[in-house]
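Chain IDs A, B, C, D and E follow the sequence of writing; residue 1 opens each chain.
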Amino acid sequence: MSAARIGLCALAVAVLAAAPWFGSDVLVQFGINALLLAVLAQGWNIIGGYAGYASFGNSVFYGLGSYGVAIAMVQWELPFAVGLAFGVAMAVAFAFLLGLPVLRLKGHYFAIATLALAQVMIAIVSNVELAGQNIGLVLPPLNNDPLFYELALGLLVLATLTVYWLTKSRFGFGLIAIRENEEAAAVMGVNTTLYKVLAFALSGVLCALAGGIHAYWITFLDPESAFDISLNVKMIIMAVFGGPGTVLGPVVGALGLSVVSEVLSSEVTSLASLFFGLVVVAAVVLMPRGLADVVRRFRKSGWRYFAENIRAHRI
Amino acid sequence: MSTILEISHATRRFAGLVAVNDVSFTLEEGEILGIIGPNGAGKTTLISLISGTLMPSSGDIVFEGQSVAGLPAYRRARLGIGRTFQIMRPFPGLSVLDNVAVGALFGRNEGSLAEARERARGHLDFVGLGRFASQRADELGGPGRKRLELAKALAMRPKLLLCDEVMAGLNHVEIDEVIGVIRKLRDSGISILVIEHVIKAIKSLSDRLLVLHHGVKIADGAPDAVLADRAVIEAYLGKRRA
Amino acid sequence: MIGRKPNAGLGGSDAEAKAPSNAAPLLKVSSLGAGYGGMPVLREVSLEVDKAEIVALVGSNGAGKTTLLRALSRVIGSTGTIEFAGRDLSPMTPDEAFGAGLVQVPEGRQLFDRMTVEDNLLMGAYRRGAGRAIGRDLERIYGLFPRLGERRRQLAGSLSGGEQQMCAMARGLMAAPVLLMIDEMSLGLAPVVVEQLMEVLAAIRKDGVTILLVEQDVHLALSGADRGYVMETGRIVHHGAAKDLIDDPEVRRAYLGL
Amino acid sequence: MNLLAQILINGVLLGGLYAVMALGLALVWGVLNIVNLAHGAFIMLGAYLSWHLYSYLGIDPFLGLPLTAVLMFALGYGVQRGLLNLVVRAPMFNTLLITFGLEVVLTYLAQLAFSADFRTINPPYAGNSIALGPLALPQARLMAFGVALALTAAMWAFLLRTRLGRAIRATAQNLTAARLYGVEPRHLYAVTFGIGIGLAGAAGGLYGTVSQINPYIGATLTAKCFAIAIIGGLDNPLGVLVGGLVLGIIESLAVLYIGATFGDVASFGVLVAVLIARPSGLLGKTA
Amino acid sequence: DDIVLGASVQMTGSSANTGRYYKDAYAFAIEKINAAGGVSVGGEKRKLALKIYDNQSDVNLSVRQYTQLVAKDKVALLLGPFASNFALADSAVSEKYQVPMVQGGGASDQIFSRKFKYIFGTLAPASNYFGSTVKMLKELQPAPKTVALLYADDAFDVSVAEGTRPLLKEAGFDIVMDEKYSSNASDFNSLLSQIKSNSAEVVLVAGHETEILNFVRQAKSLAVAPKMYSFTVGVPSEDFRKALGADADYAFGMTAWLPSAKLKDRWFGDAATFAKEYKAKFNYDPDYHAASGAADVEALAQAIENAGDTDPAKVRDALAKLNFDSLYGKIAFGENGQIDLPQTVIQVQGSELKAIYGPDGLIEKPKYPMPAWNAR
């Protein structure tokens, strides 16, 4: 990355960090959501974008992180930070225990197995007394949105730096090799099992942290909302929209889609979901390689970029 | 000279088919061993057993005195077993250079990604792909991919190199080049197992030649003697060579 | 033997009927240009292939042979003209080119990996509809490649490299081609099989099938062909009768290593 | 004993319904490599179509199935031809994205057109059952089961035994090669997607006779179809039938023996177990 | 200028079907109050206005929209969303900004156990939904003995079950089945077969309308006919009865509200008029969700008048002291912010919905026991 790019990113972070001081409450709220979603997309990016494993289990990590905070704070009356640590510990344990068998599966089969795990978690947690069963847990409210906002932003920066590190490290390069051809990677000395599990866990830690922050912020948690599969779909959509396997793509994708959907929800309120669907469809047709690719190529080919995309990908 | 690889009674079955059937042989350090045999004889399967992409149904594989039959592929790679794939396995979305850098970063190597890329460049030049370094691997033609396979394996700094038809698709002049490359590798101390259907090449390269047929070893010995064997001619070489 | 007979399938008889005169070549390519993503590979390529001829196309790595076959089959676009059996191929899609009788055995085999060997062969005969002739041809193919017969229920992707190559050749033969273009026929095949295949080519040529053979084993290619073209960096640099090319000192030096 | 027998019957009949629902998804996924997140939404549309045919034109839902299927086929054909064909060669995740968008749009339009209330397709015989000693065989489910068997068999024969079916499979595996061998893929893709959606439509019609329909049933149905398709494997319609039956029986038994919230846990547990033991499904072959 | 009330409800998404009751009831009540001249604040008549967003059945979005309503749109007071999980999250917003929210969509006891000062609820507590039903069961002849209790695995229905279980035990019933099932389940064949084999005489189901619909249809197709069954939802709603047609007959349910002329009201006259005009306007019958929603608007209007001000804190205090008759019943919030309304048992009889058993005992003779399916 060039010095100019680093400077630009630092500036963007600074502006974002300052938002609570000049932005409205609504903006800050929107920011918390959008930033947390960006963390999720970035977390998914590690296992999905870099290692090439389309995980539908990341919402499990998110849920574990949420419950970590909720259980610690409500049942044990421990501080928030301890709750986060507890959630992360559960996520890591989950990644290792279930990642080992499930990461042996390839492609769609992996996707579906992880999807199943999320379903199973709902039923399991519904029967755990400590987790409040179906009734859920109600957290003590903390009226400090700017704090949540800065936490979310900090987490996003952490997530993005992690991904940036991936692109420079032996570990990250190994993941890319696994994505491109796992068998070839293995015969060249990449410990594929270990790398995949580590990627799953790393991705899980980020999602768990996001879940923990969200739980404290929204103050209420039940199994359905904690392990919501559609959240996982959202992560994928956002990462793919921005460009999976790139450092900034998922962030740009998540923030971009959040803005679109927010504007739609407040401007055309009940038509919002229709337009949102249409935007997604159009985006795939016009820019199938994600926003990151548009940014890279648009300067060179201009509007022709979109026409060329269609020509290149249709039959 | 000591034995680097010892295969004993290796067998591999695929649903009802015995692709490799009780094959035993040894490979000495610094030796080039050629393997030939009709299509579907089990040559590639044998290489997969050694490299760990397939596990043997029975039998043992000893590398540098250690049994590796149960080890996963990456452990064998780190011990120094490198292979190429007959049906090429490039990392399609990566540049040609990065393909090789994977080998230079893993295998028996240590160090940073930047160093690995540096070393990879040398290997690319060595196999004559230098000018394609920044192209995507899936834009290479067939023979280009063959060379890439070789460069990827070399970058791992293997002690034992398993070459599965790296000369297929090359013309005579290019084949002579690759023969030169392989000899140089051997001279640098690497032991080599070559599978090839190009008789001229295998004959001039191999110190010893082994013939598989229906998964069974049917001949093992000096190249000239093996190639003059009636059974080998009938099953493999054809009457033009008789 | 498995050539396109008047009743064998789609297009074959049409193509012959439409050929304007005996004198015109079956395939006539002039100043063809083609490439990938704006990067030109072929420049001003012109060549002709007559009916029932075997023409070899040789050249070193990356010369553009595969690219030429792709352009002829319309997998990639091109400039210049391609005339086949009196028809202009340029505006056609690959399936239309196939319909006109142009069949390719592509580089890298391109089998249908998760289908059985037999299904792969039947796909070769896809445009011939269903009928007795297809069953007969299938049996002939199995006679020719007994190994494929033994493996007819195996998934093509799990065949050995050489078996896959046989399967690809066999699929091409099943298509009842007017012009059969083979990219790297001998790749990965045992010598005895290569020998057999050359005999097969000679035989189907007798039945009127035209063959354009791309082959790295230049000696093999030129010894089986009538004429040859030599390609270098996207251009045709030599052409002539095959036996003249074998003796050409430059060809001998550059491709035969003699 | 009677209870167990009844539960097994329930499971088998349920499984048949599951199979039809998943058949189209498996086809589109296995063949076109499109993971159609909008599949459930198409089932929903099929159900509404069937409802309208019954409520306004008085066409019996079972007799109307062919019509529903044909109309849905046309819709599917159009969607593939006009939209999905534009992106078939884009990276795989994109099909996930675009069908997700499609699902959102279809669901929204359905709510607009049909409002958020629920409907049932309720011909007079829908609630009838055939008594078999102490056991009851629900008539509509039995008929749905028959349709499921017939459709599965037809799909199997079509894909594995006909020229067009073979071409569809071939095109899915290697587009370039298929074109080189004379396949015109635009039409073929559209036909395939059309068949998938036609099957979804038929499934919707059947679903509506045993269950309520509303614009939001799509997402859960898609998830269920996923599981079934994978348990059975994508290569073979018979596998899908087996997958549906396995799932139906396991769910029914789980409700009896473990508890009614564990139907999904049990079925997904089996799914994961099957996948780990046989990564290409119960009947799948490995390449 | 107008007094703006803000709300975010489910107009699209999976809860849209019930969400529309709130959207329509809010609009209708406001229209009615304005038609009467508005509310008088310190001697001056002011009109009400509604700022409403669609939360697309997404909790996170609803929290954001409530924040937007308060912080950006500067609405004066808040009306609630539908369902407990939404109310739980959204009440944190009203608490934070200290703007009162009156909601008629969430009944879970948790909403009111947080000691929040700005949340008020007009649904009866979940734990008491089957209270009147159990009372009625004791009076039925021939007396039933065995009961099956089924409930969906969400917060509301689990609370219902937890409240019902002790009532049944106290009344001496034998609970032969006590099963939690997954929300959105569409197949009840296994449960029904168990009901049949346990020969439960009474079946009580706490769930969602879609589930209840499937339950009844599948009961018919498996020929499962207990002596009576009763459902927490569905029976009061017109959609439900329409979707089931003749099969809805005999189904028991409950409601905290019936469109009776006895419920006098300042703006609508009485509940019956409300129901009639509502139907004319929106083309479907209101049920207690709609009435509860309309009552929420009335409660706010009344509280503003009592406070003589729109200041949130003052309105809150007025709400806490409120005691007036609405079309929904008497509105007087308890210590925790929730009202306590008794449930009336209702039953579908033929094509009509009849009130059967109220707080004062039997109102109409129940059709009991339910005959076998092939005998009706």
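Methods note: contacts are C-beta pairs under 8 Å (C-beta built on N, C-alpha and C of every residue); 3 or more make two chains touch, one makes a residue touch a chain.
Computed from a prediction, not measured in an experiment: that's the story for all the values here.
When you average the Cα atoms of each chain and compare centres, the chain farthest from chain B turns out to be E. Centroids of chain B and chain C (each the mean of its C-alpha atoms) stand 30 Å apart.
Work out the mean CA point of chain A and of chain D, and you get 30 Å between them. A straight line joining the Cα centres of chain A and chain E is 37 Å long.
Taking the mean of the C-alpha atoms as each chain's centre, chain C and chain E sit 75 Å apart. Contact with two or more other chains is made by residues 123, 126, 273 of chain A. In chain B, no residue reaches two or more other chains under the touch definition. Shown for chain D are the residues in touch with two or more other chains, namely 108, 185, 261, 264. Chains touching one another form the pairs A-B, A-D, A-E, B-C, C-D, D-E. If you check the complex, the residues on chain B that touch chain C are 14, 37-41, 43-45, 86-87, 139, 141-144, 165, 168-176, 197, 199, 235-241.
Residues of chain E that touch chain A in their complex: 11-13, 53-54, 56, 59-61, 63-65, 67-68, 70-72, 85, 88-89, 92, 95-96, 108, 110, 113-114, 153-155, 157-159, 180, 182-183. Within the complex formed with chain D, the residues of chain C that make contact are 73, 75, 93-95, 98-99, 103-104, 106, 110-115, 119-120, 122-124, 126-127, 129-130, 155, 157-158, 171, 175. By the touch criterion stated above, chain D contacts chain E in their complex at residues 2-3, 6-7, 10-11, 13-14, 108, 111, 116-120, 122, 126-129, 131, 136, 138-141, 210-212, 214, 216-217, 220, 251-253, 255-256, 259-261, 263-264.
On the chain E side of its complex with chain D, the touching residues are 12-14, 16-17, 19-20, 150, 153, 179-182, 184-187, 189-191, 193-194, 196-197, 209-210, 213-214, 217-218, 220-223, 239, 243-245, 247, 284, 373.
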